[in-house]
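I have placed the structure first, in the form of C-alpha cells, so that the comments after it can refer back to it.
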Amino acid sequence: MQLWLIPILPLAGFLINGIFGRRFSKSLVNTVAIGSVVLSFLWVLKTIFAMGDLNTSIEEHYFTWIQSGTIDIGCDFLVDRLTIVMLLVVTGIGSLIHVYSIGYMSHEGGYYRFFAYMNLFMFFMLVLVLGANFLLLFVGWEGVGLCSYLLIGFYFDKKFATDAGNKAFIVNRIGDFGFSLAMFYIFKNFGSLDFDKVFHQAASAPEWVLTTIGLLLMVGACGKSAQIPLYVWLPDAMAGPTPVSALIHAATMVTAGVYMTARSWVIFTHAPGAMDVIAIVGILTAFLAATIGLAQNDIKKVFAYSTVSQLGYMFVGIGSGAFSAGIYHLVTHAFFKALLFLGAGSVIHALSGEQDLRNMGGLRKKIPITFWTMVCAWVAISGVPPFSGFFSKDAILLAAYQHSPAIYWIGVVTAGMTAFYVSRAMFMTFFGSYRGTAHAHESPAVMWVPLAVLAALSLVGGWLFPIQAFLKAMFPAIEEAGNPMLMYISVLAGFGGIGLAYLMYLRKPGMADSLAQTFKAPYQLIYNKYFVDEIYSATVVRPLIGGSRMVLWKGVDAGLIDGIVNGVGARCRDVGSVLRLLQSGNIRSYATWVLFGSVALLVAMGLLGGLPR
Amino acid sequence: MDVILFLIFAVVAVVCAINVVVQTHPISSALSLVGVMGSLAVLYLLLGAEFIAAAQVIVYAGAIMVLFVFVIMLLNAGAETKKGRSYLIPGAPLLIVFLGLMAYYVQRYLFPESAVVRFGGFTGGGPKDIGNALFTTYLLPFEVTSILILVAIIGAVVLARKEIE
Amino acid sequence: MMNAVPISWFLTLSAILFALGVAGFLFRRNIITVFMSIELMLNAVNLSFVTFSYQHKEVSGHLFTFFVMVVAAAEAAVGLAIILTVFKGRSTLNIDDVNSMKH
Amino acid sequence: MELLDSFIFITLIKAAVVLAVLLTTLAYLQWVERKVIAHVQVRPGPYRVGPHGLLQPVADIIKLLTKEDLLPPYVNKPLYLLAPFLAISMALLSISVIPFGPMIKVGPVTTWMQLTDLNIGVLFILAVSSMGVYGIALAGWASNNKYALIGGLRSSAQMISYELPMSLAIAAPLLISNTLSLRELVMSQAGGIFHWNILHGPFPQVISFIIFMIAAFAETNRVPFDLPEAENELVAGFHTEYSSMKFASFFMAEYANMITVSAMATLLFLGGWMAPWPVAWGANLVPTVIFAIAGVTALYHGANPARKRDKLTLPVFGIIFLIIAGVFLLPIVQSWLLPLFWFAAKTGAILFLFMWVRATLPRFRYDQLMGFTWKFLFPVAMLNLLVTSFLVAWTTK
C-alpha cells in the first residue's frame, strides 16, 4: 500500500522548502508545498480505492524503531475507517488551506518559512493519524505541537505572538505530561504500546486501571484539544496567521485529542468513570466557551472560543459513548470552522489587517463572495437543517440525552448561544453600515475558491458524508433516543439564537450595549473570560516563577550547582597547576613516568593475582 | 646444538644491545643495533621463522638501519654532550625492578618447564605460509599498512624537502 | 646438556633487550640514539611475538612481527625526516633541548 | 664412514672447495678483465708475468700483501678496520646458497653441488647484499675524509635506490617459478632454452632481465654507475684512504659481488646449470667441441708463432684444451662436469658483459643516476611485475 508515502511527501516538501526555499521564487515554493500536500491527498484517495470495502484494516511495518528489553516499538502505520476519515479531513482541508494561503500570505515576509512549517505540520499530523502505536502517535502529537508553536509565533518580531506561542507550548506540556504518564501506565500494564495488543488486552483489565489510563489520556486530550482547564492557550493562538488558525487551531490539530480518545474507545468503554469525566468536562467547556464567545469583539477570538466550545461538544459525544457522533462533528466542524476562519481571514485581508468587529459592518456588498460563503458556514454551525452542523450536533445531543438529560439541556442552551454569537459576528461584520476606515476589496480567486469548496462541503457535507454510518462498524453500538422532539428543541434553540442576535444587532442596535450596562457584572465576567488567565497567573504562574527565581535559580542553580561546577573547575585548576609540572616537555621524563606506570602495573598484577597459576 | 646456538646469539644480542646504550657515538650505537638485529634473525631461524628472519635482515638491518646510518652521516652527528639532567636515579632502579618482575613472571608463571624450542619444531613460518595468512586473514591490515607507508613517504618528503624560495 | 631451549629463555632475552631499549631511551640524550632505542624495544617485542608463534604453532605472531616491521619502517622514515628538520632549525641533536613546540 | 656421512664434514669439504675455487676465480677475474678491456681497446694487456701474463694475479697478490699497511691518523679506527671486513664477508656469504649443479655422487657420498639450500635462498641473497652497503658506507665515513664520505653516501644512496627495481625484477621470475629456493628455481626451468624464465611462461621476463642487469651494474658500483669511486671527482671514493690488503678486500668484494649477481642472473633467468637444448640434440658435446676448437686453434698458432716464446706455450695450451675436451667425454665425470660447464659458461658470459660495458660506456652524472632509477627503472619494474602477476594468475588455475 505504501502508506509511508502519505506523510513522507509533505516531509519532502518541508525539507526542500526549508533548505532551499530562501532562494526559490514564490511560485516554486507554492508548487513544492501545495504539490506535496495535494499528492499526499491523491495518494490517500488511491489507498482508499485500493482498500475495497474498507472492512479490514491494514497495518504496515517498516522497521523496528526502539528495541530494548521487552520494549519493541516498530514504525508501523495503520489504516482503518477512523484513520481514513481523519486522513481525508487532514489532507483535503489541508490542501484547500494551502491553496488559500497563497493569497493570504502573498504580502507577508518569511513566505517559504510559512509553507515549510505548514508542510512539516502536515507530516506530523499524518504520522499522528497513521501511527499504529501510542508512541508513534505521540511523535506526531508532539510534532504538531512544535509546528503549532512555530506558526503561532510566526510573527516572531511581535511580542504577543511569541508569548502566545510560548503559552501554547507550555500549556500543552501539562497535557503531554498526562499523555506520557498514560503511556507509561499502559506499557506497565499491557507490556506494549501497539494499539491492537493494548486494546486486545484492555477488555480483561481491571476497571480502575482503565479508569486511571483513561483519565490520564483525558488530561492529554484536554491539553491538545483545549478543554477545561487547559483551554486558555487556544484563543491566544489566534496570534498566528489566519490559515494557521483555520488548519491547526480549528480543523485538524486541536481535534487530535478527539481522535486519540476515539482511537482508545476500548479503554474508555470499559472505564465509565472516565467517560463521565470526559462528558462533564466537554459540556462545561462547551458552555463556558460559548458564554465567553458572546462578548468578544475580535472576530478571530469569537471563532476561537467557538472552536473551544465545539470541541467541548465533540467530547460530549465521546463521553456519551457516541464516538462516531464525536468524529462526525469533528468532520463537519472542520468544514464550517475552517470556512469561518478562512472567511474571517478573507475579511481581515480585505480590511488590511482589521480584526475588531466594532470597526466592521456593511461588508456584504463590498465582499460578496466572502459574505455568501460565510453565510453557508453560519447556517451550518447554527444547526439549521439540513446543513452539516445540524446533523452532527443533533447526533451528539441525542446521544447525550440518552446519557444524561442535564447534559442535553446545557447542550441545547449552548447551541442557542452558538447560533447567537456567530450571528452576532455575522451581523456586525456584514450588515449595518461600515464603521471602519480601511478600503475593503474582494479577495483573489486563490482565496475564494477554497472558500467556495468549503462552503459547499458545509452545506451538503452532513448528508453527503454519513460518517456516523460509515464508522458504525468500528465502535460499539449505542441506543439513540428516537425522539423527534429533542431534535426540534435544538433546532429551535439555534433559530432562537439567530433571532435574538438579529433583534439585538440589526433591529435595535443599542440593545446590546444597554443589556451590557444592565447586567454589568456578568458581562464583565464573560468579557474578561472569567478572569481565568488572571487566576492562573496568580495561582500557578506567579508562584512558579517566584519559586523558580528564588529557590531554583538563586538557591539551587546559582548557589548549589554553580558552586559545585565552579568548585570542580577551581579544584581542577589547583590540581592542574601541580600536575603541570609533569608536562615538562622533556620526553625522557615522560618516559620515566611511563616506566613507572609499567612497573606499577606489573606489581599490581603480581599482588592482585592477574597471573595464570 | 640448539642451546649452544641460542646462547651464542643471545649473548651477542645482549652485548650488542648494551653497546647500543653505552656507546656515546650514534654510529657505534647504530652498528651495535645492526648486530642485535642480525643475532635476532638467527634466533628467528631457530624458532622456525624463516621469512621473518630474512625480512628482519632486509627491512631492519638493510633498510631502516641504513637510513639511520645515512642520517647520522648526513648530519655528521658527533658524540653526545653531557648536558641536562640525568635520569639515572629514578630510571635505573625502576628498570631493574621492571626487568626482575618480567623475568620472574615469565619463569614462574607463563611457561611450564616442558615448553621448549627445538630447531625444526615449527615449520609454518615459510614464505608460503606467511603469504597465505597475509592475503587472506590479514588482507585488510595489509592494505591499510600500504596506505600507511604511502603516507609516511609523503610525510617524509614534505618534512625533509628544501624550502623552495 | 639438554638439546632444547626452554621457551622462557627466549622471553627472558626479549625482556632483557626491551629493558635495554628502555634504558637507552631514558639515559641517552642524542635524538637518534633515543630513536634507535625505540627500534630496539620493537625488536624485543618482535622476538616475543615469534616465540609465542612457535609455542602455539600458529603463524599469526609472524604476521604481527611483519606489521611491526612495516610500521617501524614508516616510523623511521617520518621520524628521521623530523630529526632532519629539527636539526635544521635548532642545530642540536640533544633531546633535552627539544622540549617545546616553538623555538 | 660416519664422519664422511656427517653433514658438517661434507659441508666443510664443500666450503673449502668452493672457497678455493672462488678466490682463484676472483684473482683471475681481475686478469681476465684487464685482458678483455685491453683487447677491446686493441692492446695486448698484461703480458710480462708468465705466458700471456697468466701469472699476473700472483704478482698482484704478492704486491698487495707486502705493501705497507697504512693506518691514517684521525680515522675512526674500529670502524675503519671493520669496513673492508664487512664488505668482503658479505660479498662471499652469498655464494653459500648458490647452486652450481645438480645432485652428484662422489664415491659413497651423494650431495648437491651447493653449500646449502634455503627455501628462502633468494631472500637470503637480497638480505646479504643489502648488508653490503654497510661496508662501503662505513668505509667512507670512518676514513674521516670528505671525498670518502661523499663516496660512501653516494654509494649507500645508490645501492638502496637500485635495490628496489632489482627486488621487483627478481620477484617477477619468482612468480613464474613459484619458489624462493634457488635450487627449485633452476629445477623449474629444466627442458631447454624455452623453459628458461627469460623466454618462458605467460610473460617472458626479458624486461625484467634487462632491469635486473642494469640494477646489478649499479649494485656492484660498476661502470657506468661507478659514481662512488669516480676518480676524476672523488679521487677514489670510499676507499681513498685504504691501502694494501684492506684495499684488496674492497676490490675482491666488488668482483665477488659481480660473480654473485651474474650467478643470480643465471639462476633466475637463464636456467642455471641446465643445457639450452636437449641431450638428444648433442648438448653434451658442446663443451668438447668448444675446447677442441680452442685446442686446435692454439696448436695452429703454435705452429706459426708470432713470437719465440709462443712456440712452446701455445702447443702446451692446445694440448691441455684437447685433454679437457676429452675429459668432457668421460661418462664418469660428465654427470657433474657438464652442469658446471653450463653454469660457468652462462655466468662467464654475463661477467664478460660487465667487462665489455666497462670498456665501452661513459659514466652517468649523479642526478641522472638517481633520476633514472626512481623515475624510469622503478615504474617499469613495477609495471612488469604487475603484468606478470596478472598473467600468472590468469594462466594458473
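Note that the chains are named A, B, C and D in the order they appear, and that numbering of residues resets to 1 at the start of each chain.
Keep this in mind: a contact is a pair of C-beta atoms (placed from the backbone, for glycine too) under 8 Å apart; a residue touches a chain by one contact, two chains touch by 3 or more.
Keep in mind it's a predicted model, so treat the numbers as computed, not measured.
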item	value
Far-end chain from chain D, centres as C-alpha averages	A
Contact-richer chain pair [B-C vs B-D]	B-C
For chain B paired with chain C, centre-to-centre distance based on mean C-alpha positions, whole Å	5
Computed distance of Cα centres, chain D from chain C, in Å	36
Averaged-CA centre spacing for the pair chain D and chain B, given as whole angstrom	32
Length of the line joining the C-alpha centres of chain A and chain C, rounded to whole Å	70
Residues of chain C engaged with two or more neighbouring chains	22, 26, 96
Interface hub residues of chain B, defined as touching at least two other chains	51, 55, 63, 74, 84, 87, 91, 95, 98, 102, 110
Shared-contact residues (touching 2 or more other chains) in chain A	586, 588, 592, 595
Contacting chain pairs - touch in the sense defined above	A-B, A-C, B-C, B-D
Touch list for chain B against partner chain A, complex	84, 87, 90-91, 94-95, 97-98, 101-102, 105, 109-110
Contact set on chain D toward chain B in their complex	76, 79, 82, 118-120, 123-124, 126-128, 130-131, 133-134, 137-138, 140-141, 149, 152-153, 156-157, 160, 163, 180
Chain C residues within the chain A interface of the complex	22, 25-26, 34, 95-96, 98-100
Residues on chain B engaged by chain D in the complex (per definition of touch)	27-28, 31, 34, 41, 50-51, 53-55, 57-58, 61-63, 66, 69-70, 73-74, 126-127
Chain B residues touching chain C - in the complex, by the definition given at the top	1-3, 6, 10, 13-14, 17-18, 20-21, 26, 29-30, 33, 36-37, 40, 43-44, 46-49, 51-52, 55-56, 59-60, 63-65, 67-68, 71-72, 74-75, 77, 80-88, 91-92, 95, 98-99, 102-103, 106-107, 110-111, 113, 115-118, 121-122, 124-125, 129-130, 133-134, 137-138, 141, 145, 148-149, 151-153, 155-157, 159-160
